[in-house]
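Note that subunit A is present in both complexes that follow, paired respectively with subunit B and with subunit C.
Let's turn to the complex of A and B:
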């Protein structure tokens, strides 16, 4: 028996500053859809061996990541990418996955289920299994109508759209409910500043890719994708190019949200960097030049560079530490412990 | 006392939102690109303060209105929140750098407020609340400015009535996080002594480094007194240090009544020699006061725009974008435009944008087809009209209240649409702000 969570939709609220969101007209946010989606998200019957659910790689306590460099599903084979954190997807309505291969959340939600290395489930078989469960039959009838793949996708999408992280220390700061420490405030200011040596303006250049409030990538066409200098020309992975075919998109990956980033190590699309300190070291002096390296990274430096070969922020240790302190303010303890996002099959 | 606060007026400015604007605009773009089927353009939505008109039995409110003439909903109120039971309306909206929405207010019970904006489950923005802020007795809020001094962030608010009296006026220094009063800057003319710097009826506000300028406009009752100067405040001490008279012509027989001010500085125009520009409401002029950054001294003020000669009156706001500075003139209702790069000289960048009587605040945005637009609020005071037996009417102002917003092509000035709030909603319009700020860069 699963447990119905506290009303999610009835108590819905979202920060205005996160911006407009658009919900598919054929899949409005409803309480029944959310509850069904939550149940499906945690149900191992969605996998071929009935042992892995979406939540196996998206653990609430880890902001819906899994703590691994690269995810491992039913096949035991490491996937090419790490599990992405799931939060505030309501504001990211297309180009899902690290390489943007899914145009919508609904389309995205069915792909891991069918991937042989992830959940390895046949959709027709899944529909048969769920339809045979009287409780699910009622759930689907309340939320949509029939038990079918389309409605599975819709319900999962509704649950994921409702994963709204909006109560971190940063959010409370934005609402005026608290004051950041001096170190956090320095980090915040560096986070939102693009360095300009000419006017002695120091910056961490973060907001050029990670929007100020949602901290995810901008979504104007493919602006939310970036080559952040992890690999040289010869080692560039396809990234977004695998989707668009555009050689200019080689090595570009989705800019992830930094919400709850302190909980989602290791970092980058393949989890190659174990800590936030390592991430800062990368941007500070470890950026590797390639033909598609993001120009916003190329030009961002806190010291005058004349030889044109060295790329990095050149932040001092205090500044790097401050940015990390600010990143910790993005941890939303309420989000990662919110009962309505938790496993409904677990007894409390 | 400020018994006449109800008849007070204001003319003011707008805030600069820096990275907030960028982030929000990008956020809009982000979400707008999301779903072609059901996406809603929000960059053409405005937040407006509407004044209930006593003879028309309407209430003060804050509303979200569609401003794109290309939209089938042009002029429609998309959301409206009635102001709590406070006699006078809110006055002017500002976004803080953190994205919080504030409003100054005309009623002594609520001279400063924070406005709640939220979204419902459909994504629609809604005005959710008005929280009045304790001003410790400061009344008639006008302009707000966020500024850092010696590494510390502050929220400054001009209160034209100050803590009351015939020569009142204050600048409230607030904690931008908690909204708590940190300090009240006052310097009453009657108390500081002859020839000493004073603060009286402050309205416009602008700052550069550790120097802040406030104007001395008019007593909130519009009768007790009128100012003719600006005052320099040392932000290291939060003290008035110099008062500079900006007055020449008296086309309507009143003191000049400086209203909006803007400190032209390098972050507005790279490499500029800093100077202060001042609009005088009753002098019909724009003044320039040079600033020597080396010794922090201000030079002799001079008139750089003469409204009497040019056929305009009641200059009000300074607005700007990356290339131009815009100045609104309530009479006859035009917005003049100047080359930003040539500041602090006023070099015309094109023909006037011909709005309607009372041209005042404005927002900048794009239409559905991508056309660059400006929406101009045409109302000086929104105090009604004696011809309608409206008790809030003040005669000399009645001719500068069109009660409208006119929307123009930013490049050509062509009027593409007009919303007359009085005709359509039986209300006046006191202020306009973009839902996500105005896409406007320079002001204070």
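Let's turn to the complex of A and C:
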């Protein structure tokens, strides 16, 4: 008996400098799963009131963020957190959401659908709605088998795994296709340098938390989580502690990717900083002390500290501007305009 | 002797020859699963993270450790019958599990009477300055500075408490010249079994208290200054010891 078997995704490539990645054995990357996931991602039927899709808060032109400080869903109530950019999820920590509570994309993808303040959809109801659509029935049959919650999660995860940003100016620089401007190059050097006043080495210390190529948090264990000094002791939220129960993890949040960062304002897990300039000001001298504040942030300074109280990078305006110029080289115009990631319901 | 007795004798001889050959073949191709278990200690006691338990060796105050990890590389076992060299031999030893230990598994290595083991703390220059992925080398990991500078070989992060004052301790020690190799004699026949374990202690205090005793209030951070890094490397050169019962 002839059986349709979905084709593996063709022409799938990624820079070797991104490193190794794992795809779950029970959810191989296939073209059919990707196309199904893309439809689901853009389909407002995934929400309770049929008005909000994943793409309402993850807009391609904004590198799959929404431009808001904190996300707003079906209920109109502001969520505690900012919509996170979706790119290069194949690499980086296996802990999703700002506090790392979801161990896989498959587990992650069903939670916003059901959250009453996000998409407020009952999963069983969703399966009934989608199964009643002959197109979807056909799509699911090709990609997996039945219309069910597990396959919805798998398809959405496949779509998200393929959101690969690899053609920014920084990527082209790494491939030797262009040289950065003097200002961008100064910014890059500061980005990857830990400052050390003892040898007059100046640095922005970014790479102590944001890896040099992926620019996201480190993937091993909970290496990709940090308290970056936004709040004092009394205002610390649980953060990673809510997941691990470890008091040393209080106030630690996921270190996000900086790819396309110029497009994803406002910044930080709760979107409290409106601009990259404000972010640089924070790290330069606005860091607030608490018991779990990252010691690498406390220690890194470009001036000799004598009174033991000043925490910040103490970079000069030219250096801060250079780092921002470098951050702009992480913008990937191809990624944010790539038709294969766009809304399939809008015929071009 | 009858012809049939001769025939049987010949058969037995043949069985012995073939069987013996097979036994010889079997002996030469025997494999051993070797585990190297590294346990983090502070002095002779198991390392405890995140508690101000440890005296500043060369000055005032007590310190705590929040993170300790290092690259262990280029494992070689030596025997009269030949050496065993692990390929892509780059291991990131970290100790944040409950056992505070890190295990390197060397499965199915040739079973021999190895007399020595050696390995390095750090990353050899060739691998240190590349963007290649080998073993646990991860250019996007916490141990990577950047491809122009290479990897941190040994990382200790913590805090020094002096009265009410706290000072962050940041030891990110790298640079190719700070690769340090240690070598240990293995007791006779210890590894000539199908599964063996070699247990090592990694004493974090040796990093601060070796050929040079360090005052953490004066040397709270060692990152880019090469002379500081070398002093620390000469100390961590002896931080690992083979446990003998």
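Assume the second predicted complex is superposed on the first by the 338 of 348 C-alpha atoms of A that agree within 3 Å, B and C clash if a C-alpha of one lies under 4 Å from a C-alpha of the other, contacts with A are read in each partner's own complex, and residues count from 1 in each chain.
By our rule, contacts are C-beta pairs under 8 Å (C-beta built on N, C-alpha and C of every residue); 3 or more make two chains touch, one makes a residue touch a chain.
Because the structure is a prediction, the values reported are computed rather than measured.
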Exercise. Quick one: subunit B and subunit C on subunit A, clash or fit?
Worked result: clash
Exercise. Which partner does A:123 contact after superposing on A: first (subunit B), second (subunit C), both, neither?
Worked result: neither
For this session: Considering only the touch criterion stated at the top, classify A:14 as touching first (subunit B), second (subunit C), both, or neither.
Result: first
For this session: State whether A:201 touches subunit B only (first), subunit C only (second), both chains, or neither.
Result: second
Problem set entry | First (subunit B), second (subunit C), both or neither touched by A:248 | second
For this session: Give one of first, second, both or neither to describe whether A:131 is in contact with subunit B, with subunit C, with both, or with none.
Result: neither
For this session: Applying the touch criterion given at the start, work out whether A:238 contacts subunit B, subunit C, both or neither, answering first, second, both or neither.
Result: neither
Exercise. Thinking of the overlay built on chain A, is A:176 touched by subunit B (first), by subunit C (second), by both, or by neither?
Worked result: first
Exercise. Between subunit B (first) and subunit C (second), which, if any, makes contact with A:29: first, second, both or neither?
Worked result: first
Problem set entry | If touched residues of subunit A are counted for subunit B and for subunit C, the larger one | B
Exercise. Is A:299 in contact with subunit B, with subunit C, with both, or with neither (first, second, both, neither)?
Worked result: second
For this session: Identify which of the listed stretches of subunit B (23-31, 131-139, 329-337 or 383-391) has C-alpha atoms clashing with subunit C after the superposition.
Result: 23-31
Problem set entry | subunit A positions touched by subunit B in one structure and by subunit C in the second | 16-20, 91-92, 192-193, 199, 207, 211-214, 218-221
Problem set entry | Contact set on subunit C toward subunit A in their complex | 50, 66, 92, 94, 96, 131, 133, 138-142, 144-149, 157-159, 165, 167-170, 172, 220-221, 223-226, 228
Problem set entry | Interface residues, subunit A side, partner subunit B - complex | 9, 12-25, 28-29, 91-94, 173-176, 178-179, 192-193, 199, 207, 211-214, 218-221, 224
Exercise. Which subunit B residues qualify as touching subunit A in the complex?
Worked result: 19-20, 22-24, 26-35, 37-40, 42, 98-100, 114, 117-123, 125, 176-179, 266, 436
Exercise. Of all residues in subunit A, which touch subunit C in the complex?
Worked result: 16-20, 91-92, 192-194, 196, 198-199, 201, 207, 211-214, 218-221, 223, 248, 295-296, 298-299, 308
